[in-house]
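What follows is a group of structures, each given as structure tokens.
Each of the next two complexes has chain A plus one more chain, namely chain B in the first and chain C in the second.
Here is the complex of A and B:
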């Protein structure tokens, strides 16, 4: 079974990638200045207490020992506990230094499991919006290379790609939520809260899809089998929708894979602006609080998602174009 | 329908058709000039002419496939009495249904992401929606077996990239015939194919013409192929019909000066008797290059895992000083892999290649560079083989620099001398090769190879990119250089007529093996291997054939070099195959008078050997 061999090989490669990513992040986090214990215990905590907590938590051990412990945990499905966040609710960095309720701090895995579905939902919706916007424009441009539709597609992509997403997010929130009262913007109380941030993200991704599609459709339309299809008696619709689109799909699929991975990895700015409780917001807070285990956990999970999405994309590509090799 | 009432004996009638190319500012350059002809149902009409004579434009006009800048400037194309030019909608409705077209490039003719079968069904249902998918599938499979695609049922579900060039062309013929068209336009359909496969396709086309009663307009640039294929031949010259005759009459009594010139220009294989170019080299002297049992395999990784492509298997021959040695074979037979081994670009897996007694395959890189001064290579592609950013003088001096020969002034003088020797004007010394024609580029390539004064020149398809006239001029040049410098040539080629003209000894390769090594006159008049006979029977020539394709070649295609049969590689296509051939691979054995062949039909050498073996005993 070549497909099984392919899966085993790619998953093995993926595991190595995830391991290297986590090793790198782990080391970097411990090299950069800023002591998490100081943040946890608060500015007023005595130096001796901080040293004591740090030693108890194993933070004064050599990095490789800490990393070994961490990997051991990850292999058992334990991504560790947040330094900062209590299990029972929203969190702020160390209020008092005599807080000894360490067992009550939230598990990293739980934190990620709570927020990841929101981000997946956001990413999927953004993808759908982006495709709805970009596919007709891109194909139209590709069918008329050098002519008006192609130029319009290019101008539109240039405009969209130059719009800063935080500006667009704020303007759209002002227009659609505040002035017209059509969509909710801030926070999350239901599906409607996903629409606006997804739309902003879609406008950000769309120009890449438009360019990719119009270039590959134009390339496919110039090929011999399209040229000869008309003489063979196929209709224009058959040629475009069955042959040209299918052949343009592989480069598009690769692009979508990369874009989707990036969306999952946390759309920091957009989630921050819309206060959308996804992985991106979680990441920002974790970084600001120097919540090492949480940053670490997010890195491992998103790296694994990258790997899996790439495997899926490659599998899909080989089913579209059988000439591609696993 | 009114169409059915027009029941006369003319299917297609072209009247005073003129087509022009629109240049800048609306200037019209005529391509076709008042062409008129009729085509009866079931007739095969060849249209022949050199490149630029308008054949393909004619084919595309009839197929309603003209695109800018070409425009019809006059005349009409009547199909069953209705003018296609006046009624584009009607013409479109005929495309693929009544008027089918097969082009010369089968490689990119179908969508690579869909199976061949699905596309055949799609096409048939596009032009005849009343046919159900199941019926269409049955018909496609039936036709695929009719064009002798083996295991048609399985092949139906395969993708275009799994088909070889010859099979793909058959599939395209099925694609054209599946809608039972009244007219098939075959535009250069044999051009990209190997001669033996082309011969099979032509044979097939004639059979299909009889079976399906389709009229065929056969566009072609080779007069022998055109004559083989058709009932009548129409000669096109500079956009005009200059004559139209049955093939036999055309060859014996050509009516137009252009046709006469065309016939006179064709090189011949057998006319003029068996004496070829053979200086009868002294075979007692040491061979300049001695190839002995050389093999090379490449590893490929496919869906089914790793596989070995056995590109060169057990090749053996000697080349003697001052000789013209030919290596012929069809695409994929390992000619080019062998060239890479002979020139030391790659090392053989087994066997030895001795150049003046020294093993090229085992020489150190430094020694190999020294050896290369004495044997040089001239490649096929006149465009890709020259650096576009270097001046012609610099290109010529580079080999001298690499081998640290002479001062700058001496190198310059040497380059100018070589340029004049190959017939390049001296004033292009400083210019880039951009403006050179293909012929001039090959002259430059030859000059670059000979500037080191080598002893052996290996010509890998050096002439195949050139037209007949230019080929002749370069062959004259090679001969003159040989007389002056005493070069030895190895010509690697697929062109039997070229090899017949210039080579004294020839090795025939099939699937990586040398199946026959013989002097020119033996090879062409008394071939020892059935594959050589098949090659000769398929060679395009107007002469009365010594070997007929019907007798010499079975249907089928060469086996894949990844998955070779246990016995003789040619057994699957050989008319004289025996059970022994399928089990055991024959080795080269002598058949007297300096000829060797790898076939069990050659009498045992221990019985007939009247001469000492020319080859070292393998």
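Here is the complex of A and C:
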């Protein structure tokens, strides 16, 4: 079974990647200045108490011991507990060090599981929008290389790629939401709140799809079998949809796999602007609050998602194009 | 070239190096020229306007606060073509000074990441085998961390200064170059001139740095132009999140983040610097896209 061998090999390599990522982030968080215990306990806490809490939490052990403990936890499906977020979801903030009402800390895995579906919804909708915008333009440009449609596609993608997502988000929120009152923008109270963020995200991804498609369609259209298809008497539409598009799908899939991290960066900023309660907003808050376990957890989960998505992309690519080898 | 008088022009064209041919082809395209003109104007403006006009981008004038841009709204004046912000600071001067920092960080970051990527790719592609496996797994690991998470993590927990921002963005962006470099070096390594140099007894380092690198680096640099724009966007995103160059130094990111609070009654603070940023980025991207196309056309044709 070549497919089984492929899966085992890729999953093994993926495990190594996730391990490297977590090791990198873990070390990084421990060597940068700034004591998270100070933030947890509050500015007024005495030094002795800080040391006591830090020792109890194992934060004064050597880094490799802490990392060993962490990896042990991750292997059992335990990503640790957040430093600052309480489990009941109450507001985070200036609780003092001897606050007796402070409750159990939230589990990192729970926090991620609560927010991830929102982000996946946003990302999927953005992908749908991006494909709707980019596929016609990219294919049209690819069918007429060097001529007006190709040029238009180039200009359009150059402009789109130059729009900073946070600025575009603000401008569109101002226009569509404040002035014209068409779409809700800030927060999340239903599906409608996903549309505007997804649209901004789509405009960010679209230029890459346009460029990729117009290059690969132009490449396929220059091949022998397209000329032969004309001789065989296939109509223009049959040639485009059955031959050109199918062959251009593979590079597009690969692009989506590679650009996953860019998509995630976009999600981060856009969720921040629109106050959309997803993984991106969680990440930014975690960084601002120096919530180390949460940052690590998010890094591990996103690295794993990256690995899995790339395996799925390669599997799909071989299904579409049987000439490809595993 | 003294032979140019004797040989017909076609032969002269063939003698040109690959880089010169790419330049030539790119220069002849409309989009490159548009980009170049816009970029030059903006570059001259950012270099000379704050100095010539004598306007200090940090000087506050509370009486002149929240003036709208020219012809838009009430109370505009010729002294402040793009209006003023909530403290009466001139938006045009602020945007142009912001552009300076943006260009500085964008260009140095790209240079740094091309250098790191080229080195990693050169060693991985040349030596192959175990060196290649280790370096490429490292590259994959790096690619699988979204670079923005990495960047905000490092800058969020340490103090963001300009060198720190350049290093963080540069360290986050090299893997793509390492991959491209590795594949081209692997292809070059099998060619006859490399084998010839080996037979002549050249050391590996000599072959890598005097034969292969000068040949494969310039074409990669043409593609890197597009990344200058990408890095400028990243820099402004960091500034927007409060993790970039710190106020009072104006950068696009922190001006826009600031202006967001006054969006309802002074929309121009958040939007006008963005227009500048978009213009600059579009001009760079047009040039970059033209260069990339020229490169592909020449490699595809040759």
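A few points about this structure:
Definition applied: the second predicted complex is superposed on the first by the 311 of 326 C-alpha atoms of A that agree within 3 Å, B and C clash if a C-alpha of one lies under 4 Å from a C-alpha of the other, contacts with A are read in each partner's own complex, and residues count from 1 in each chain.
The definition used in the following text is that contacts are C-beta pairs under 8 Å (C-beta built on N, C-alpha and C of every residue); 3 or more make two chains touch, one makes a residue touch a chain.
Predicted model, so just to flag it, every value in this text is computed and none were measured.
Partners chain B and chain C, once the complexes are superposed on chain A, both fit on it without clashing.
Legend: residue contacts after superposition of the two complexes on their common chain; A:24 is shown touching chain C, with no touch to chain B. In the superposition on chain A, A:302 makes contact with chain C only, while chain B stays out of contact range.
Of the two partner chains, chain C is the only one that A:164 touches; chain B does not reach it.
By the touch criterion defined above, A:290 reaches chain C but does not reach chain B. Once both structures are fitted onto chain A, a short way to say it is that chain B and chain C open up an angle of 70° at chain A, using Cα centres and rounding to the nearest 10. Of the two partner chains, chain B is the only one touched by A:243; chain C is not. Shared-chain residue A:228: touches chain B; no touch with chain C. By the touch criterion stated above, A:55 is placed in contact with neither chain B nor chain C.
Shared-chain residue A:2: touches chain B; no touch with chain C. Considering which of chain B and chain C touches more of chain A, the answer is C.
Per the superposed model, the minimal spacing between any CA atom of chain B and any CA atom of chain C is 5 Å.
Residues common to the contacts of chain A with chain B and with chain C across the two structures: none. Those residues of chain B that touch chain A in the shared complex are 63-65, 95-97, 100-101, 103, 105, 107-114, 122-123, 126-127, 159, 161, 175-176, 179, 301-305. Touching chain A in their complex are the following residues of chain C: 31, 137-138, 140-141, 143-150, 152-154, 156-158, 229, 233, 236-237, 240-241, 252-253, 256, 260, 263-264, 267, 270-271, 274, 277-278, 281-282, 284-286, 289, 293, 296.
If you check the complex, the residues on chain A that touch chain C are 13, 16-18, 20-21, 24-25, 28-29, 32-34, 151, 154-155, 157-159, 161-167, 170-171, 174, 178, 215, 258, 260-262, 264-265, 268-269, 272, 283-284, 287-288, 290, 295, 298-299, 302-303, 306-307. Across the complex, chain A meets chain B through its residues 2, 223-225, 228-235, 238, 242-243, 246-247, 320-323, 325-326.
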